[in-house]
Amino acid sequence: METPDYDNEFDAIVVGAGLAGSAAALAMANQDLDVLVLERGQSPGTKNVFGGVLYTPTVRELVDIDDAPLERYVAEKRYGVLTETDETAVTMRPGEWLEEPHNDSYTVLRGSFDEWFAEQAVDAGATLLTETTVTGLVREPGGGAAEGRVVGVETDRPDGTIRAPVVVVAEGANSLVSEGAGLRDHHDREDVAVAAKEVLKFDRETIEQRFRLNGDQGVAYNYFGEGAVGDAVGGGFIYTNKRTVSVGVAYSIEDAVASDQNPEETLNDFKQHPAVAPLVRGGRTVEYSAHAIPEGGIDAVPDLVSDGALLAGDAAGLVLNNGVHLEGTNMAVESGYQAGRAVAAAVDGDDGSVDDRALATYPEELADSFVVQNLQHYDFFQELAVEDREFLFSELPRALADAETEYFAVDRDPKEAHAEAAKDRLLDAAGGYVGAAKRAWKYRKLLS
Amino acid sequence: MTDDDTVHEDVWVFVEEHGGDVAGVSWELLAKGRELADETGEDLVALVVGEGVDDVGAEAVERGADRALVADDPVFEPYRAGPYGDQFRALVEERRPSIVLIGGTTTGRDFAGRVAVPADAGLTADCTELDVDDEGLLLARRPTFGGDAMATIKCPDHRPQMATVRAGVFDAAERDPDRDGDVEAVDVVVEADDALSRVLEREVGDVADITDADVVVAGGGGTEGDFAPVEALADALDGEVAASRKAVDEGWVEPARQVGQTGKTVRPDLYVAAGISGAVQHVEGMNDAETVVAVNTDPNAPIFEHADYGIVGDLHEVLPELTDRLGGRSPPEPTA
Amino acid sequence: MTVDADWTIVVPVKQVPDADDVTIDPETGTLNRSDAPAVLNAPDYNAVEAALSLRERAGGEVVAVTMGPPFARAVLETAVALGADDAVLLTDRAFGGSDTWPTSLALARAADELDADVVVCGEESTDSSTGQVPPGIAAHNGWAQLTYAEELEPRPDDDELVAVRDVEGGHERVAAETPVVVAFEYGENEPRAAGLHRKIYAETEFEPEEWSAEDLGISEQVGLVNSPTKVGGMDTADPVEREQAVVDDVDALSDRITEVTADD
C-alpha cells in the first residue's frame, strides 16, 4: 500500500469548518486555490452550540442563499427585563422585516446550515476532511519571525502532520490551537461568557400560535435582569426554529465561577420564570449543550496575522456581545471571507511562495468593515455593564416593575398619586435627576 | 428453485445438543412449533444431529414432537458448520418440510445459511414472533433497526420457509412421558474427509440460563468490571446475574448471560439495569420484563426512558444500600 | 511466521443509516432512512481491522467490496482511508431489493473473481442484522467458514486460517482451509484511526472499480424477484409502556422493589 504525501500539495489549510472557516475556504477556492479544511466534528456544525440568529449580509455575497437551510426569518424582536417575578418588555415588528431580504436575520440550525455552507466550499473546489482535530501548528525557523514561521498543522491522526504555505485558524471560541501556538493569549476570564442552550421540540402549529407567527416568520427574544441569569452579567434568549425552539442563557464566566450555580441550573431557573415558562412549556428536550462566547470587545482581539497564520471569527474574538446585540455570525463570515481573499492574493499557487504584504491587507480590510467598526462603537458597554452591574441587572429591573405596578394600579386612590409614586421609584433607582441624566449620557451610544 | 408442485409439509424444529445438554431455545421452539403444526394440521418433526443422541430424540417426542429424526455419527462431534449444514440440507431436500425453525444461538446462526443457500430457501433471521396465515404461510416477525420497528417477513414462493428464533421469547415445552412417537435414525450423508475445518481445542463450561429467572440483575460498562455489587443484589433477590454486551466483551461476564439483540431475551418480573446506558440492542432483550429498575449516574441515559423506576446515582453506592435494605449481605469492601 | 504468502484478503463492508438518526414516520409507519447520514456499519470497522492485521502478518493485500447504490462508494473510501489497498463497488439496478440470498451471491462471486484467500465480514449489519451474509458467501462458493471469530492466526504455509471462536458457553480454536469466510465478532479488536494523508488520498484521488451484475454473470439471479424472503409489512414496534419515574433515594427504590417482588 503506497500513500501519496500531501505536504505542500495544498495552498492553504483552514482549521475548523464553522462559518469563518467555510467562508475563508469559499473565498480561496473561488480564486482557484487548493484548500484543505480540517474539521473535528463528524460533519460541520455537529459540534456547534449557537442557538440563534444568523446574520446573512456577507453570506449573501458568497452563495445563493435561496438554497440555504434557513429555519425562519426574524419578524419580531423582543427585549425583556426580568426581576424574579416581573417582566417589562419592548416588542418590535417593523413591516420592513417581513419583506425580502428580511433584514438579513434568520434563525438556523447550525447542524444543517454549517454542513450546507461547507458543501458550497467543497463544490467550489475545497477539500473537507472531517473527524480530524488539529492539535497544533507546525513552525519552522525563518521568515523573520522569532518563533519561526507557521508551515503546517498537526492533527490527532496517525501520520498526522501536513504542511501548507498558509494556515487560517477559524476554530471558534475554544481557541486551543491559536493559544497553544502563541497566536493569542489565553482568554481572560472577564473576556468570556458561558452559554447553555436547550433545543425543545414542538409541532409547528404550537410554535406559530404561541409566538403569533405566519409561515416562515420567527422571533428573537432577549432577556436581561436578575430574573434571567441571577446577578450575573448576561441574559437569556428564546429563538424560534421551524419545529423547535432554542432557549438559553449566556453570562460572564467570571460570575459563573463566583456563584455556585452551574449553567444548567441557571437555564432551568430561566425556563421557570413566570414570563418565560408559558413560551417553552410542553417541549421535548432534543438537545442540551454548553459553550463559550468571547466578549472581550475590541481590546481582546489579537493580531489577526502572524508568521503565516491568520485568525478569523470567534477564534479572533470577533463577537459583538453587549447585551443589546449578540452578533458573531456575520463577523465570522465577513472575517473569514476577508482572510480568504487576502490569502488568495498572497499565495502563489505555482511555487507556494507567500507575499506577507498581501496577507497584511486582511486586518486593514477588516478595520474598514462593519466588524471592527461595530466592535469599537460598542466597546464602552462591556466595561460599563460590569461597573454598573448592580444597577443594570437588579435595581433597574425592580424599579421598572415597581413603577409600572404603581402607574397602572387600579384601586380607589387617584391616578395622579400612583403616577407620582412611579416616577419617584424610577428616579430613586437612577439616583435622582442628576443620576438619571448621567446614566443616559453614559449609555447614549447604545441607541446611536 | 422449489416453486414447482412438489408438496412441502410439516413443521421441523432443530433440537440443538452439545455434550448431552440441549439448548433451552430448542424446547421453546418445540412448544411454538406444536402450535403452528396444530394450526396447519401438519406434523411436528424434531431433528437431532450429533453423536449418541437417541435419547434427545425421545425427549423431543415427550415434549411434543410427532416424530424425531436423528442423525447420529461421530462426524458431528464437535460441532462444525459444514457437516451439520450438509446433513441438514440433504434431509430438507429429501423430505421437504414446509417450515424449519432453528434456535438463534451461535450454532444455529452459524449453519442455517449453509442449508438455506443451496436449498434456495428463504431464511428469516432472529425472529421474535411466529404465526401462520390461512394458507399455511409462515409469518415471521422480527425487530429491525434496533427494535424501533417490527417487520413481518414471508416466503411466498420458496420452500422450506426457514427461520432462526431468538432465545427466551417463548415458553419451553413441558415433558410428558406418556406421549409417544417414532424416533427414526436417518442415513448420515457426510464423510469425515469432506469437512473444511477441524476443531483444535474446545473449552466449554456450564451454560447459564437466565431466560427463566424471575429476577434479573444486570450490570454494564458502569460497573467498570466490579460485579460484586451486582452479584450481591442478585443474591438478595434470589435472582440471576446478567450483563450488557459491553460487560461481556470486556470479559467480565460469560457470554451466556448477555441480554439483548445478540444475546438473550429475558422475561423476569423484575429487571435491574445497573450501569447500563440503554442502547437499543440491549433494550430489545429486556422489553418483556414486567418491571424495570435503572441505576445510572447519567440523568440523560436512555435507559431511564425504558425503566419504571430509576435512580440517578453511582451503582457502587446504590446497589449495596439496596442489598442492605432488601435483607441481603453487602459484598466485602473491595481491596484497593 | 511467513510474511509474503500474498494472501488476497477481501473485506465486504456495508453502508448503513447511522443508527442514532433513523426515525419512523408516525403516520405511515415507514422508516425515514433518508434523513439519516449513511455510515460504515459499525461491526465492519472490526472486520477491516482484522483484515489489516492479517495482512501485516501474512502479507498480501486487502480489497474492500460493497454492494450498494453508487453513493455507497463512501464506505469504500472509509476502508481505503483505514488502509485497504483497493476497493470494488458492486452496483447495478438489478441488485435492488436483494435479500441475503442474492447479496451473498454477489459478494461470493466478487470474492471468487478477486481470487480471495480469506474473506473477512463483520458480525452483522446494524440495519438488517441477519448475520447471514457471511455464511451465505461461504455456502455459495462452497468455502469454509469461521463465524463469531475473536482472534485470527494465519497459517499460509498450510493454506489454513486458525480462529478462536465464541461458542455457547465457551471458546474453541478451529483451523479452516482457505479460501475461508470469516465473520469477525463486533468489538473484539480496536479499530485503528485512518492516517491523515491516507484519508486525503481516499477522499480525493482514489477511485474504486465498479462491477455490474452482468460483469459477475448473475443478472438473472439477483434483485427483489430472486429474493426468497419478502417483507410483508413494517410497523412501529409498540413501545413498551414504562412508568419512567425517577425516585430520590434508595428507600423509595427498595419499597418499589419489595412491592414488585412481593406480588407473586
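Residue numbering begins at 1 within each chain, and the chains themselves are lettered A, B and C in the order written.
Here is the rule we use: a residue touches a chain if its C-beta (ideal position, glycine included) is under 8 Å from a C-beta of that chain, and two chains touch if they have at least 3 such contacts.
Being a predicted model, the structure only gives us computed values, none of them experimental.
Chain-to-chain contact here is organised linearly: an open path runs through the chains from one end to the other.
Set side by side, B-C and A-C show the greater C-beta contact count at B-C.
When chain centres are taken as C-alpha averages, the shortest distance to the whole-protein C-alpha average belongs to C. Each chain gets one centre point, the mean of its Cα atoms, and the points for chain A and chain B are 54 Å apart. Remark: chain B and chain C have CA centroids separated by 22 Å (rounded to whole angstrom).
Centre to centre, using the average C-alpha position, chain A and chain C are separated by 42 Å. Contact of a single residue of chain B with at least two other chains is seen at no position. Per the touch definition, chain B reaches chain C in the complex via residues 18, 23, 78-82, 85, 105-107, 109-114, 116-118, 120-126, 139, 143-158, 196-207, 214-215, 237, 245-246, 249, 254-256, 261-262, 269-270, 280, 287, 290-293, 299, 304-312, 318, 321-322, 325-326.
Here chain C touches chain B in the complex through residues 19, 22, 24, 29, 31, 99-101, 104, 123-124, 126-132, 134-136, 138-140, 143-148, 162, 165-177, 180, 186-188, 227-237, 240, 242-251, 253-254, 256-258, 260-261, 263-264, going by the rule given at the top.
Put simply, chain C touches chain A in their complex at residues 37, 61, 83, 85, 192-201, 203-205. Those residues of chain A whose C-beta lies close enough to touch chain C in the complex are 1, 3-6, 36, 42-43, 127, 129, 132, 155-162.
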